[in-house]
Structure formats: structure tokens, C-alpha cells
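One chain, chain A, appears in both complexes that follow, with chain B as partner in the first and chain C in the second.
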Partner chain A sequence: MRRLASTPSLHPAIVLWMMVGLAGFCLLPWYGIEDGFFNFEWLFDGYPFDEDYAPALFLLLQGKKPWLAPMGLALLLPLFLWKRRKNDPLFGTLLIWVGAAGLLWFFLQGFGISIRGWNFSFLNGLFGELGDRQFGMGYGAVLTGIAFLFLLTLGIAARGAVGGDVFVVSSVGLIIGLVGLFIFMPILKMLFTALITEEGGLSIVSFVGKFFSGRIWSLDCLVGGSRCGVAWNSLLLAAVVGVITTILGLVFALIATRTGMRFQRILRALTVLPVITPPFVIGLAIILLFGLSGAFTQAWAWVFDVQPTRWVYGLPGLLIAQTLAFTPIAFLVLIGVVEGVSPSMEEAAQTLRANRWQTFWTVSLPLMRPGLANAFLLGFIESMADFGNPLILGGNFDVLSTEIFFAIVGAQYDQAQAAVLAIALLIFTLSAFYAQRFWLGKKSYTTVAGKGDAGVHPPLPRALSIVIGSVAVFWIAVTVIVYVTIFYASFVKLWGVDDSLTLDHYVQAFAVGWNEFGLHWKGSAWDSFWTTLWIALVSAIPTALFGLLTAYLLVRQRFAGKNAFEFGTMLSFAIPGTVIGVSYVLAFNVPPIEITGTAIILILSFIFRNMPVGVRAGVASMSQLDSSLDESSLTLGANSFQTFVRVILPLLRPAILAALVYSFVRAMTAISAVIFLVSARYDLSTSYIVGRVENNEYGVAIAYATALIGVMLAVIGVMQLIVGRRDIGRRGHAGVQQVQVAGGG
Partner chain B sequence: MAILGSNAASVEFVGVSKVYPGSKVPAVDNVSLHVETGKLVTLLGPSGCGKTTTLRMIAGLEFATSGKILIGGHDVTSIPATERDVSMVFQSYALFPHMTVRENVEYGLKFSGFPKKEIGERAMSGLSLVGLQDFGARLPSQLSGGQQQRVAVARALVLEPQVLLFDEPLSNLDAKLRRQVREDIRDIQTKLGLTVVYVTHDQEEALAVSDRIIVMKNAVIAQEGTPRELYDAPSSAFVADFIGEANLLDCEIESVKEGKAMVHLGPAKLCIPSRGMQAGPARLAVRPTRISIGKPGASNGIPAKLDRVIYVGKHLECFAETGIGRIFAICPDVDAPLKAGDEVSLIIPERGAVLVSS
Partner chain C sequence: MKTKSISISTAFAALLMAGAANAASVTLYCSADEAWCQLMARGFEEETGIKVDMTRKSSGETFAQVKAEASNPKGDIWWGGTGDPHLQAAEEGLTEEYVSPMRDQLNDWAIRQAESAANRTIGIYSGALGFGYNKDLLEKNNLPVPACWKDLTKPEYKGHVQMANPNSSGTAYTTLATMVQLFGEEGGFQYMKDLHKNINQYTKSGSAPIKAAGLGENTIGIVFMHDAVAQAASGFPIVTVAPCEGTGYEIGSMSIIKGARHLDEAKKFYDWALTAEVQSRAKDVKSFQVPSNKSATQSPLAPDLSQIKLIDYDFKKYGASDERKRLLKKWDDEVSTLPQ
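Up next, the complex of A and B:
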């Protein structure tokens, strides 16, 4: 046991969280300020006595909101631990009770009492009409809630969980709390909304009726009817896109690893495209090429003298757009798989007299099978969740993600219908996610075993290389045409009508001028551009932080329920953006968390949509750090928090930067969730662009999209310069780095 | 300059078991051991025997499933690594690559409440103790493997821990350097009077550095003793074979009298310590170096036929077929006129044979 200089009378962590909680309770406004989270005018506007800005304590002193009182008292209870040591049984027990009871009461009163008094009618019957009401929670409530959470985790740690490690238990508690509040709670609220009938009551029967309605599940089109249910449309599209992207991904992975073809580098470069491209941009390009006034359609009509048609709107256009958009993702997955097949397996097959074809069909391909399934499921989920392309290319081919949008944004404004559709969508994506994790998770044929696989992959059979080579050339050509089209179209006056070149669209969107106040951002796009930029920046930091913290817990710590914890944190990957958007609208429109129309809701949606990116970046690079590094730090007397800050974070600098940049870029290009959450005051680039498309202002939309791609390209480029090339190769830089770190040098 | 001392303390395990979650077989099964203050004790055994788990439980990196761990007489069973006064030298050295050598050595001192000036002094005296006082400003990657290993030792030493742990510290060094480093470790340990627990799977290393050796097998202690006791009087066939090589031969105890057993080994008769065995069939461990090779028909010899003689430079390795099985003997005289097919007689001296449990 280490000798401590002195033992303080009250454990310092208790002091800290009591202070935080009491500051929230006694000093800061308990309820949310209407002027916004980052607006501090309230300080000079009647604080602390005005009811709108008063801290809980001042409210109570004025005899208002008596239900807040128990929390103030609970925050004082830890004083009973004066002069008690951490291993005293009362220490842990009391803190657990204070934290758990405090949190419980905190949420009970928050959810129980709302703008119209009691939130649930049975409470009226129980306690009588409540003459009072409350609004969404503000700074004070947030701090108090946090204090209860950490007092609880402190207590759990003191009872010996995870070796009594306060930092680890608190981190687990924090992540569970955040994921629970901002992923599970909104989803549950959405499920609940689906049960609400038109009259306002709750009914399972009506839910079942809506869920199995012909609109969603009808199979009319098979028997000659006009249309099938949206669920079938989504399923068909996703399955076909999954198959095509998997095949193409495999083709490119094989080219990149098994042939000496020149365009390997181009292929790898193309993998950044989906990262930097707003999802609907490819759809836009398809319209420009194959739409009614599209270049190809017009040329075709002219050559064969036929009437141009709108054939591309619907399934064909969606297939093209999504295939182009998601193939790079399949490629990224499969290149790891293809490289992961140990060359010695293939060499062994060859020495056993199999020729190249036989080796490929009997050894290489079967070993890649789990990877192929994985790529298929990812493509499936991406296609299901895609919102931008169906929105502008879908035509009469309705899919779930856009139906959800129209249910809530369109004239019908039917929350329950949106929730029902969202549930159908969620069932599909979650099943795919579940299959991917639990069915494939156990079936990995990873054959990379560190040592002893220093062979060379055999070249592919000649005929096969020619086939996949031509496929790749075709695909690259199409991709290049798509991006060139976008770029070119941004300078064309009116596509298909007036082909003269102009800078008008850029001027309209990005004009800058001078007026009496100095620089004046005249262009129509600047507002949404700056909003997007700062919101993406602000959300990137917590995304990276929570992601890396979660990764640290997953890679380095053992605790009860870790599998469920991992599943929960990665789940938001499988929740389509539209579902998140709808559920946020439904959940955060009313107290206790009343943030619709603010920037906070956008930031939160970005954080929890993109957190898995940070987790994956962290897990990947943390697995490369030898665990003896943190263990030696622990045996040298640093606690796990000091170890995390002084040893792990400095060594993860590249991963931190990568997580920051990717969450920033993803936030800049996201559309599906935010289209529900933007407001007049906080509009974002992507939703602005979609708005322009809907108004048929293609020029501005395309110019704006081109500018966004340019910005994103610059950001990624700078990051690549700083971090160095992203390496997927087994014998590349990653390996060298790993050896250095593991060797202590 | 601050002189490094030690706060050495004893280590005691009382019936400690460790079962990893998800596993049914214990990694360490009801182990009790005692490491005296100021001694160097080695945990030796084949991989998977539980020696590293035992070491990590002393460090506080793993927690015992049951049993009690005492350091310096205090119960530390549920105290985590951070709060234990134990430092460890890792197999990979685990030097922090983003800190200089000096920062590495100062790392633990920063968390121990030393004043800033003393941190620097202690780090320097630690580095000079391992002969690296001029390398403080370098990064670990700019040092050789042996130097990195010494930095790791210095980093652990400067905390003056109650117990210093080594997890296979030599396994990343080349053969020549190993001898040098292990002597350095032993020197520092005796000079400062440290309590050291040392894990290795290399029996020669264990014999060379240890005050006592604890041999582990399948999660339990197989035998414990000084190097000489283990080598000369292994209690079981496993220990006999694991520490040095041994011929394990079936024999017959004819009678036991006053602690001496009369043993029949083929035609030969030996009178050796009975070690608590009763009359009946038994097993005998004989070191190859103890067997001498004589002319056929030598008295009390075992008739044998050499079937392979290998010249390895410093001695001859001879394999002989006998009526009681194949025997491996080492002949120190490299000029002896022995060749495969020769009829010989193997003579086993009474000091060279030990009854072991099988």
C-alpha cells in the first residue's frame, strides 16, 4: 500500500460532485432559457428571482415547484460520509442510494410534470389537478443530473466494481447515460408514439392495423397491380444494391491486392469519395445525365428520334446512384478481408497441385465468405437508410426512408404514421445489424496470425483479371463522369436548356460584398454554410472524445455487461438517420428535454450519429498499443484517469485527429437526420441544397454541393498530410508503427 | 544526490485461486507461497502454468478469485495496482514511446508526492545505477534493446517499491546480453536488498539468479526450494525433467531402513535416501552428467549398447539402449573412444540418483 501524505476528511470526488450538484441546484437557472443555450442575457434580466431564470433553490424559497426540494436534500446527504474511508461499507451504499434515488426522482419529476401540469392522466386521478407546470430542463438541471450520476458511479466503484476504479466506472456510467438518453429514449418514445391513435388514446390494435397496412406491405405489383408496399420497395432496392456493391467491392479489392494493375492508387483514392460527398449529390448527377433534360437522354432521343422519358426516376436511377455511392464502402471492407486471407493458405493449395482457378474457387473465395456477407449487410443497411437519393430520384418508387419524411413534413403531419414506418425500417436495419454482429461475429476466418505468413498472394487467373479489370475501368469511368458532370454543371446556366457557361450560381450562393458594417456575406448560401461549419466543428470534439473513451473501455477494461455495452454504443450505426430524426423530433419537442429548433439538437444528433466512427477509430488504434504500456503506468502509481490522459491519449494522437476530421466531415455531409431537425434559424448546407433541388433551382444546388465537396477535400487532404496515408496494408506503415509501440520505442 | 534505498517487504499468498471469467479451469489453483524480504524468488514453469497470472496478482493487475494476498503483512487482496507499492518490469519493457528516458523514469515519481527537485535527483540516481546517466534526453526508440531494458529497471527501482516484479525480462534480448543483464539485475537486487519476484520459463536463468525457485505446473506449485535443492533433489518427475535434463527410470525399492532405500535398478543396486517412499515399484531420476560410462562388466554397472554418440564440442552426448530403457549420458571426455554399437556399462553413483514421485 502506498503511503498517503494525509487523508482528507471528505473524499475529494464527493466534494467535487457535491459542489457541481449544488452549483446546479443553487446558482444556475434550473429551466431552459428560451433565448438559447449559448445566450447569457438572462444574467442581467431578473436573475436570480425571475421565475424563468431562477435556480431551483430560489424557486423553492419563493414557494414554487416544491417537487424540486428532494433533490436538494439528497445532494446534502453525502455529508454523512465525513471522515469515512472508501472501504467503509456505508460509503458505497449511501452514495449508491443517493445517486440512484436522486436520478430516479430527477427523471420522474421531469417526465411526470410538463407544460400542462401532470403529464399522465392517471397522475391527475392520483394527486388531483396540479396547479403548476414546468418547462424543459436547463443548466441547473443538467449539472444536478450529472452530479447524481457520478455520485452513483462513485458508490458503485467504492463497492468494488471494476477493481474499485472510479474513472472507469464513471466513464461507463456516463456513456450508458448518454446513449440511454439520446439513443434509446428517443427510440422508445417513437415506439410509444406509434401506439397513439388518431383520437389520442393508446391502442395496440390500431398499431397493428397501421403496421400491416397495404401501403407498407402490399404485394399488388406482383399480381398486376400498380404498386407494391414501400417496405417491399425498400427491401428489393437494398438487397439488389447489397449484392451489386459486394460484387463490385470484391472486384476492386482483388484488383488492389492481387494484380499488378496500374490503377490501384486511383482505386484507393476513390474510397474517400463517399466520405466527402453529400449523399444526394450522386443522385443529382444522375438527373443531370439521365433525367428528362439529361445529357444522355437528350442525345439518345436525338440519335434515335424518340421522345425523352423520365425512365431514370425510380428503381433504375436509385440502383445506379446507390451503387456508385456505396461500392467504395464495400471495397473498404473487402480489401481487409482479401488481404486477411493468409498467403500461405493459397501457397499451400498451389503446392497441393491446385491451379490458379482451383485455388481461387476452393480456398481464397471460401475464406472470404464471412467478409462478403459482411459487405452485403453493410450495403443493405446503407441503402435502407439512404434518404437523399430516394428523395430526389425516387419518382413513384416510394421507399421507407422518404415515406417517413413525407409523413411528418408533408401535409398529413401524422406522427404516428411516421413512427410506424420508422419501426418497419428499424426492424430491417436492426436485423441486418444483428446478423452481422452475432451470426458473422462468430464466424471469422481471419487467417492473419502475426508471424509466419510472409508469403505472396498468387496472381489471379488471367481470364478473371481481364473481366474484373474491365469492370473496374467502366466503374471508374462512370464515377469520373459523375463528378465531372457535377463540376461542369455548376457553371452551366440552365442545364439542358441554356448551355452557356456562367458564374451566376456561385455568385448567387457565395457573393461577398461591402456595406457600412464592413464585410457583407451577400450570397444566399452563407448563412447555412457558417451554421453547418460551426455546428460540425462543435460536435466533432465530443464525438471524438466519447468515441475514444468508449473505445478505451471496450479494448482495455473488463466489466460486467460489456457485450451489451458494446452493442448499445454501436447500435446507432444501424439506426437510419431518418429514424433518428423522427425520434428526436418526437422526444425532444416537449419537456423535460425541450430542444427542437435549437442548435443543441443538431449537435446532439451529430454526436450520437457519428460516435461509432470515433469508437471504431479508437478501437483500431488502441488495439495496436501494447496493453503493458497502461499496465506499467498503473504499477508506477498513476491511476486509470492519469494513464488515459498521459499515456493513451498522447499515443493516439493520429486516431484523435482522424476521429475529429471524420466526424466533422460526416456532420457536414449528413442529411437524413438533420432534415427533420433544422429550423429557420439553424439551417444546414445539405438541407438548404435539398430545398433548392425541390424548388428546381438546380444551378445553385449544384454549385453549393461542388463547393462543399471542395471544402471537404481540402479538410481531408490536410488531415492526410498531418496523419500520413491511411494504411490498410498488412505490411505497410501500420505494421511498422505497431512494432515500434509494442517494442517500447 | 539522493541515494536509492529500499522499502523491501515480504509477499505472502494464502490459498489464492484465480479463475478468469468465462473459463472453468483455474489459472492459479489454491496457491500458497511466501517470499521473504530482500530475496529474489523465481516463478518457473512451462507456458500456461499460471506463473504470469501469479505475478500479475502480486502487481494488482489481476484480482484473486479467492484467497488472500499479503504484502509486508498487510492484506492487499482487493487493492488495485495504482495503490499498491509494487513496480513491475515488463517483458516488452513498456517504455512510453512519447516520453524521453528521463520522463519515463520520472513518471512514477510524479504520482508519489515527491518534491520536484527530488524527482529529478532520484531519476538521475536511478539512471546512473543502471549506467545510463547520459541518456536521459533520448527517446526510448533511440536506445538498444539492452538499454531499454535497463531504463525499464531504473523506472521501477526509483520508486523504492516494497516488491519489484520482473516478467520474463530477458526474453527480448540476445543470448550474450542475457547473461550480462541477469547479473546486473542480481547485483542491484543484492546491493539494495530488494524483494524481487521474477518470472521466467528458462530454467538456466532461474538457477543462476534466484535465492529460491518456485516451480509451477498446471496452476499449482510443483516444488519450491533453493536452486541446488531443486536440481539435486527434485521431488517429482516433472521437476526433474523441467530443471536440467533427467533420465526417468523405473526401479524397485527392495527395503527402506532409517531413511535409506535399497533400490534395484536393473542389475545394479543403489542405497539412496528414501524420501518417504515405501518398498515397491518406484521412479528414479538420474542426471545425464552424473552417469559415467565404463568398460562392459564393471561392478554394479548396467550393461548397455550405445546406439548414438554425438559430438557437441564441450562434451559427448551418448544414448544407450539398456534392459531398463533408453538412457542418455554425457561424457565430459571428448576424446573418449566411444562410438555407436559399442558395448559399455553405465555406472550410476549413489549421489546422482534421486527417487521421485511420478
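Up next, the complex of A and C:
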């Protein structure tokens, strides 16, 4: 994308996107191949004339699907820009028109004409019966759509937006397009479905009535009633979990970067364990330990001679489980931030005679604010959206996420109610999001500048060291007990009934043998295991890439509508997986995007659900990188693309690693969205484990989960080796600079 | 247990060639438990050579999916799960009419199920409602052995009884509808209110109360009796009780999805699933429901329907979505809000 000094006959970017678009229009099958996106059998089966496999051009030549023609013509229009310069007014205007009109027509025909002809009945009245139909879009359509999008952004850049920076405008366009298509479209479709009343009409009144019902907002419990509304339950739980996880995450980040404590490595390894644990397993372990018949409860009852109770079901159990599960996320966010605080500021404070406590309290901690706010936000939203733990530990403490799930799959089957609850959930998460931005304000938290930045972090105040040390020891003890329980339970024949040890559960899940075809994957878990592994790996890379690209745009670029842009990219995180799952089924079951039952829908749901974490990690780290770094890169002649790739990305290695690891792990352990999206051919580990739990085969479920934990540790270790670590070039301080996530892995 | 043999190379080839053979296939939505679903899918594949793509989801989830996919159905046949969502799907026209030649071999209740839905569904198994208790915990707490529905409302069981929330679970809705039919609407709701005082938790899923009892986390669970039997068969100290007043039941059903892409294969599966031989296999995977084919054999552990006092459960009335919504709302307003 270098700007060439001489004017070529046609701008190279135009040539590129025209070629892409024409390739999509003339060479590749326009419609989706029913046998799967990655199946290339069509090449030998009637291509390019067979109607199922024909490119748009061949369809038109055969006189079919005439509504595709305008797009082919639009793709040729940029030829009018032959020998015109970029600053020619026609250049930008024409490209904008071609791109915008092309995209508009692209979606109009896609949504307008469906599997049964016209998609909307008023079109029947307008144009009469169509007598033709079309299926979901395939490779050809995808390329053509992309070409129109980038021709449009090229035009906008040529008109001078964002300083005429093609890379930035194109990136913004790409992210908006993706987020619009894969987050807004499905959600809008579902909310629209939700406004539909039982009689089939649209009604705001019934919506309002449902929204303000006592089941959601009642405050009875404060005045002696039986229970409060689910919304308040969710809010209380999420706020407490957010605060606890942020504090613990900070404690561990401080230990990992600022102390010489010997158990650092153990701590790093242990804080990662819960996040790579499949759903339900921590909950099961907590029941085995703290439930009515749990070891801990029974021992307590015996020692103090009291009746054992079901104390763990409800708020206490949820707090334990969610704190265990989400602290590592706070840790992952905070470790980069704590490490990135410039020692020179702290040294300056010390030079000015601040003692260790003053330095920590007035310099180090305020500089960590972006990290703290992000960690709280993530903990809050994770807790709000958590589904597995409330399901088995919630007792009578109902929360929004499970209510939504059961509104949809329950005996009532009430999508409208689910949407109403989802809106309450959105209000909370979005308010937290805005509160966070308000708190951070417009202050600068830059500490990694291009200037001399050599120094050593000062040690922590002694009293603080002792406190955080003991918190960490307690944490380590709890985590070790929980995981020893899980590990042990995977070998126990039948917990509580037959305590003999056995390998049966592993054999049943993971047996391998030989037969006449070679290696024979005999165990019942292999199918879902391989599917999960490759889908998780495939989705991790785009998740990290889109996340960091978005973070770069948010932190470093100014453009119109940036707030809306940020809101849009964060929105999917505030939507519970259950809602994403159902809305994906509703939106992507029908043309133009027909991908239910494929691996693609799973990959897409992972990318767009996990992208916000990449964004947050990137934003937190990037606000610490001084923009003078980019400026010097730009001054030295690099364009914004080169700056992003060569300067920003290498400095963001901890954030990249965090995003990769997180999205991989989430894909391996996600349940709430995928339970709607899995199919026979693409079953995932988590839904398989849920099936085992439902079927009383706790042993197999826990054994499978234990094996998954091992696999995830190995993959995370490999990712760490590949990504490497950020070398900020400070004076040596053994063990301090390692930006590791799972040191013990 | 499936034992599929795929070497790495054939797996790779299969990935590239998938669909190349274009062999006959059928997409099965299965709402029974995993092992039973696998047994059905693999059994049909082996005996007919028709490939089965199977997805297992609860009946509520499957209903949601079939409804969502109505304009472009992906599934062909929906096998298993409690009858109400099948009836609801029939009512909404999401499923296809079919009269199987196997019909004369079936029990009356299975045929009645089909007739009440204009032949859009059929009964494949049935299970009676009841409860189970953990005998170790009962002894430990010096509680008497419960035998009737009314026993469960006695004050000594306070905090020892679990049932599912009727809003989220078909099992619990069946319980509610059973009480209304057993004691009349007034008496039924009075019973639910009395029971409410003893309930320690309304679980989300229908079989969760007896699973909690198996793990020693709860004493008495109101569930389908075959679920309690399955716990006992897994080795947990669970005793199953058929309540003395009589009880309601569910009919596990099967429907062909409207607009199925593989209609012929779906019908083939339908007939096959109704044979005595196939239905007799359920007990091998710890499913203890009563089969709908009269000559299918049953496990000795299974509850004997003829020994249980069954009420004349009105599936048409209590399966209809209006009546369901009314009862659930009444339960929500009058029972769930009471202090415990």
C-alpha cells in the first residue's frame, strides 16, 4: 500500500479490490455449497455451469438470477478512474458511490429474495410473485461484498477522512461491517421477534408490562418478603464478584511482578487453572467439598456438633465458584498493566522522598487505574453472563442469565420474556461500561514512552507484602484443594458410594486401539474433542487480530462516530451467550447467510463473543504506550499499517498472548452460546460434558474435563513460546520482566 | 457407546470427500439421554446403511430449534422427549402427519397421543410421575418413609424435598397438572402451597432433584419414576416410590418435522423405532421407561405401569399452551411468592 510517486494508470488498491470482486463474481460459486464451506468437490461436479455451483456471471449468461447483474456492472465502474489522481474529486466520489450502491444492492437482494421467492409479502404486492428463489451466499458473494466494502472505504479515504489514511478507514469499515452483520443483525432480529405478541402483532405496551414485572425488579426481600427480583440478585452478585476478582487479580499481579516470593510460579500456574476448567466442573467440585454431604460441611458439622446445611446453594456458592473462575481474567488484564507502569515515575517519587507506601498509593496505584477499571468491568460482565455455575449452585438465588435460558428452552417457551430479561441484563452491563469510562475520565496513563525508561520497580511496602502474601497463600490452598478433588474424583468409581479407584472413566472417554485401518479412536469423547480443538485454534487468531486492530483504532485514531464504534465492539460482551446462541439460530438459519449446523457458525460466535477481551486487553496496554512512538515511526516514513505491524504489535505481545490464550480457552470452555449451535457433525466438548452430567456419569465428565485442562495447558505453553515476550529493556531484576501467563504449564 | 473407526488418513479423506458418495442420510433431533440417542442412531445406521446425523438436546430446546428453523428445516425426525412440546409443535403445524404401519402393535396410550395431535406425533415410551428418596439421609435424619403425595407436605420434611420449577421443566409442569387433576384446581394449588413450605430448592432441570438426592445433597426428589430407578441402577442409595393417591405420567413422543429434506428416510426411521426389538434395547442404556410396543421387553428394575395407579391424564387439555400458561402464571403468582 505504498504511495507511489508516479501515477500508475489505475490506483493499485482499486486494481486489487476490483480483481477480488470480479473473481468473486465471475469465477467462484455465488451460492453456498450445501456440502460445506471447506468442501471442494464442486470443482469436479458441473462447475461452472451447474446452477448450484455457478458463479454469478455464468448464472446471468444462462439467463438466471437477473437481479445479480447490477453488481457485476458496478464492479466495472472504477475503470472510469483510469489515469486519475487520488486528489481528483471524481476519484473519491465515484468510489463511494460504487461501494455504497454495490453494498446496498448486495444486501437488498440478499435479504429481499429468499428460499421462497420474495422475503416480504409487500414485495409480492409490489412486483408480483417472483417465481424464483435463492439460497445462502457462498464464496463468490462473500468476495464481491468485501470488494464493495473496501472500494467504499477507499473512496472515503480519498475524500480525506482520517487524514486520507486508507489502512485506518478500511479497518474501521471492516470492523463496522463485521460487527453489524454478526452482532447487531442477529440481536435486532431477536429483539424484533420479542416485540411480537402472542397474537402475532407488535406491541410496546405488553413489552413495558413485562419489563417492569415484580419477578424482575421486586425489592420484597428488603422489607421482609420472600425474595427479590432476579435483576437485583444478578446485580448484587456481579458487583461483589467484580470487586473481589479485581482485588485478587491485583494482588496476584503485584506478587508476580513486584515481589521475590518463591511461590510466584505456582501462583501463576494456579490462577490460570480455573479459567481453563470446563463449566460445571468447579461447581461439581464445590458441591463435593461444601455441599450438604460435602467433606468440608460434614467435618464442620462433626467438629461443632451442628446439623449440616445446604448453605453453599445460593449466593455463597456462587461467590466461591465465580471468584475462583474469574479472578484469573482480572489477573491476565492486570499483569500487563502492573508490569507496564514505568519505574521512572516511581523512582521520581522516591527521589522526592516519598516512602514506599506513599509511592505505591499515590503513584503506582493511580497509574494502574485503566487496568483496574477493565478488570472490574470484565469480572462484572462475566458474572452477569455466567450460566454454568448458577445452574448447579444457584439454589433459589435466581439470576438473569439462567432465567433467560429457561425462558427460551423451558416449558414456557417465551422468547419475548427472554428478550425482556436480556434487556435488563444489557442495561446493567452497559451502565457498568459507561461508569468505567466516566471514572477513567480523560487523564493520561501513559508510562511506556520512547524515551529513556530504564529502572527497577520499587519493592512494595512491607505491610502490604505480608497481606497480599497471605491472601495468595489462602488462595493457593483453596485452589489446590478444589483441583485435587477434581483430579481425584476422575478416578473414583462412584463418588460417595463406591470409593475404589479406577481408570474406567478415562478408558471410556479416551480409549485408543488398532484395527485394520490403523489407529482407532475408540473412546466416546474423541469426536467432540478433535472438533473442539480445531475450532478453538481456528477462532483464536481472528479473535486476537480483530480485537487488537479495534483497540488500535480506539486508542490511536480519531474518527467520527468513535464512541458508537466502541459501543458496538463491546456490545457482544454484554450479551449473554444464551441470547447470542438463539439469535444466531434465528438470524443465520435462512438466506442470505445460511450457516446453522456448520463449523463456521461456531467459529463466528466465538470470534464475536471473545473479541471484546482482545479489545480491552489491547486498549489497556496501548494506553500505556506513548503516541510519540507511532509519531516517530510515521515521521520516518512508515504508513499506519507498517506502524501497527512493526511498532505497536511487538510492544503489545502480552496483550496478544492474553487475547490468543483467552479466546482459545473460552472456545474450549464456552457453553451457553454453543449449546444452541452444536450439531451432530460438530459437537463440542462442553456440550458433551453437560450430556454426561445430565446422565449421572460424573466420573466421565470429570475425567474428560481433567484431560481438557491438560491439553489447554500444553497449547497455552506452545502459544507462549510462539508469541514470545515483550522486552522493554529495563535493568535486570531477576524474574520480574517475564511476561508469562502460565509459567508452570 | 459408539465405536467408530476412523484412521487419520481416512478422516482426512472423509473431510474432503464428505458428501461425495451422497449416500442416503437422515438428520435426527434426539431429546432422550445421550446413551439412548447414540444407541438409536448407531443401530439405525448399522441396520439400514442410512447415515444418521444426530443432535441431542432437551425437548424444550429442540422445540425452540424446530420453531426457529421452521422456514428452512434442517432436521428430519424428532425422537424422544416428553410429549407436550411434540403436541405443541403439532398444534403449530411444525410437524408432519404420518400413520405408521406399525401402529397396531402399540399400546393404547401411544395411539391416543397420535390421535390427539391429528397423527402428527406418536408415543414411543411412557413414564409415571413419583418420587424417590435417599435412604441413608432419611435414616440419618430419623424421618419416616413417605408413601403418598400428602406425606410430602408434613412439617417433618421441611427443607428435605426438592422439585423442579414448572416454568423451566416439563417434569414439574406434569407434577402441577397432575395435582390439579388429582385434587381439583383448588385442592391442587392448596397442595402446591403446602408442599412449597417443605421445598429446599426449585431446580431448573426436571431430573436434578433426584440427582441431588443421589449425591447426598437432598433427601426427597419429585421426579419421573424411571429417573429415580436409573439412579438406583447407577448404585446410588435411592428408593423409588409410586404415590398411593395415584399419579400422572408423560408420553415420550416422536414426530416427523414438516418440510423434512429426507422424508423417506425419516419415515423409515419412524417405523423402525416403533418395533418391539428396537424398543427392548432401551434398558441396556439404563433407560427404564415403559415402551409403547406391546411386545417389547422391559427391565426387571423398571416400574411396572400396571401396578401403579395412573390417573386419566388429559394430555389434550393440559398440553395446550393456553392452559399451560394459565396454570404456570397462577403458580407463579400464588405459590412461588409465598414465604417458606
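In this text, the second predicted complex is superposed on the first by the 435 of 745 C-alpha atoms of A that agree within 3 Å, B and C clash if a C-alpha of one lies under 4 Å from a C-alpha of the other, contacts with A are read in each partner's own complex, and residues count from 1 in each chain.
Simple rule for what comes next: a contact is a pair of C-beta atoms (placed from the backbone, for glycine too) under 8 Å apart; a residue touches a chain by one contact, two chains touch by 3 or more.
All figures in this text were calculated on a predicted structure; none of them were measured in a lab.
**Student:** Based on the superposed arrangement, let me know which partner A:L315 touches: chain B (first), chain C (second), both, or neither?
**Tutor:** Touch partners of A:L315: none, neither chain B nor chain C.
**Student:** With both complexes overlaid on chain A, does A:G496 touch chain B (first), chain C (second), both or neither?
**Tutor:** The second partner, chain C, only.
**Student:** After superposing on the shared chain, does chain C or chain B touch more chain A residues?
**Tutor:** Of chain B and chain C, the partner in contact with more residues of chain A is C.
**Student:** Figure out whether A:L75 sits in contact with chain B (first) or chain C (second), or with both, or with neither.
**Tutor:** Touch partners of A:L75: none, neither chain B nor chain C.
**Student:** If you stack the two complexes on chain A, which partner ends up touching A:S679: first (chain B), second (chain C), both, or neither?
**Tutor:** second
**Student:** Using the superposition on chain A described above, determine whether A:M18 touches chain B (first), chain C (second), both, or neither.
**Tutor:** Neither partner.
**Student:** Let me test your reading of the model: by the given contact rule, A:E594 touches which partner, first (chain B), second (chain C), both or neither?
**Tutor:** second
**Student:** Across the two complexes, find the residues of chain A that touch chain B and also touch chain C.
**Tutor:** In the superposed arrangement, which is not itself an observed complex, chain A uses no residue for both chain B and chain C.
**Student:** Quick one: which bits of chain C touch chain A in the complex? Just the residue numbers, please.
**Tutor:** For this pair, the touching residues of chain C are 1-10, 15-20, 27-28, 33-35, 38, 52-58, 60-61, 63-65, 67-69, 71-72, 74, 84-85, 88, 137, 159, 165-170, 172-173, 200-202, 204-205, 207, 211, 214-218, 230-231, 234-237, 324-325, 328, 332, 337-340.
**Student:** Chain C touches which residues of chain A in the complex?
**Tutor:** 34-36, 38-41, 115-116, 215, 225-226, 287, 291-293, 310, 313, 391, 395-396, 402, 406, 408-413, 494-498, 508, 515, 517-522, 524, 527, 582, 585-586, 589-591, 594, 596-597, 675-676, 678-681, 683, 688, 691-692, 694-696
**Student:** Residues of chain B touching chain A in their complex?
**Tutor:** Per the stated touch rule, the residues are 21, 59-61, 63, 71, 74, 76, 78-88, 90-98, 107-108, 111-113, 139-143, 148, 152, 155-156, 159, 165, 172.
**Student:** Going by the contact rule set out above, which residues of chain A touch chain B in the complex?
**Tutor:** Within the complex, chain A touches chain B at residues 1-3, 5, 160, 163-165, 558, 626, 628-629, 631-640, 642, 646-647, 650-651, 740-745.
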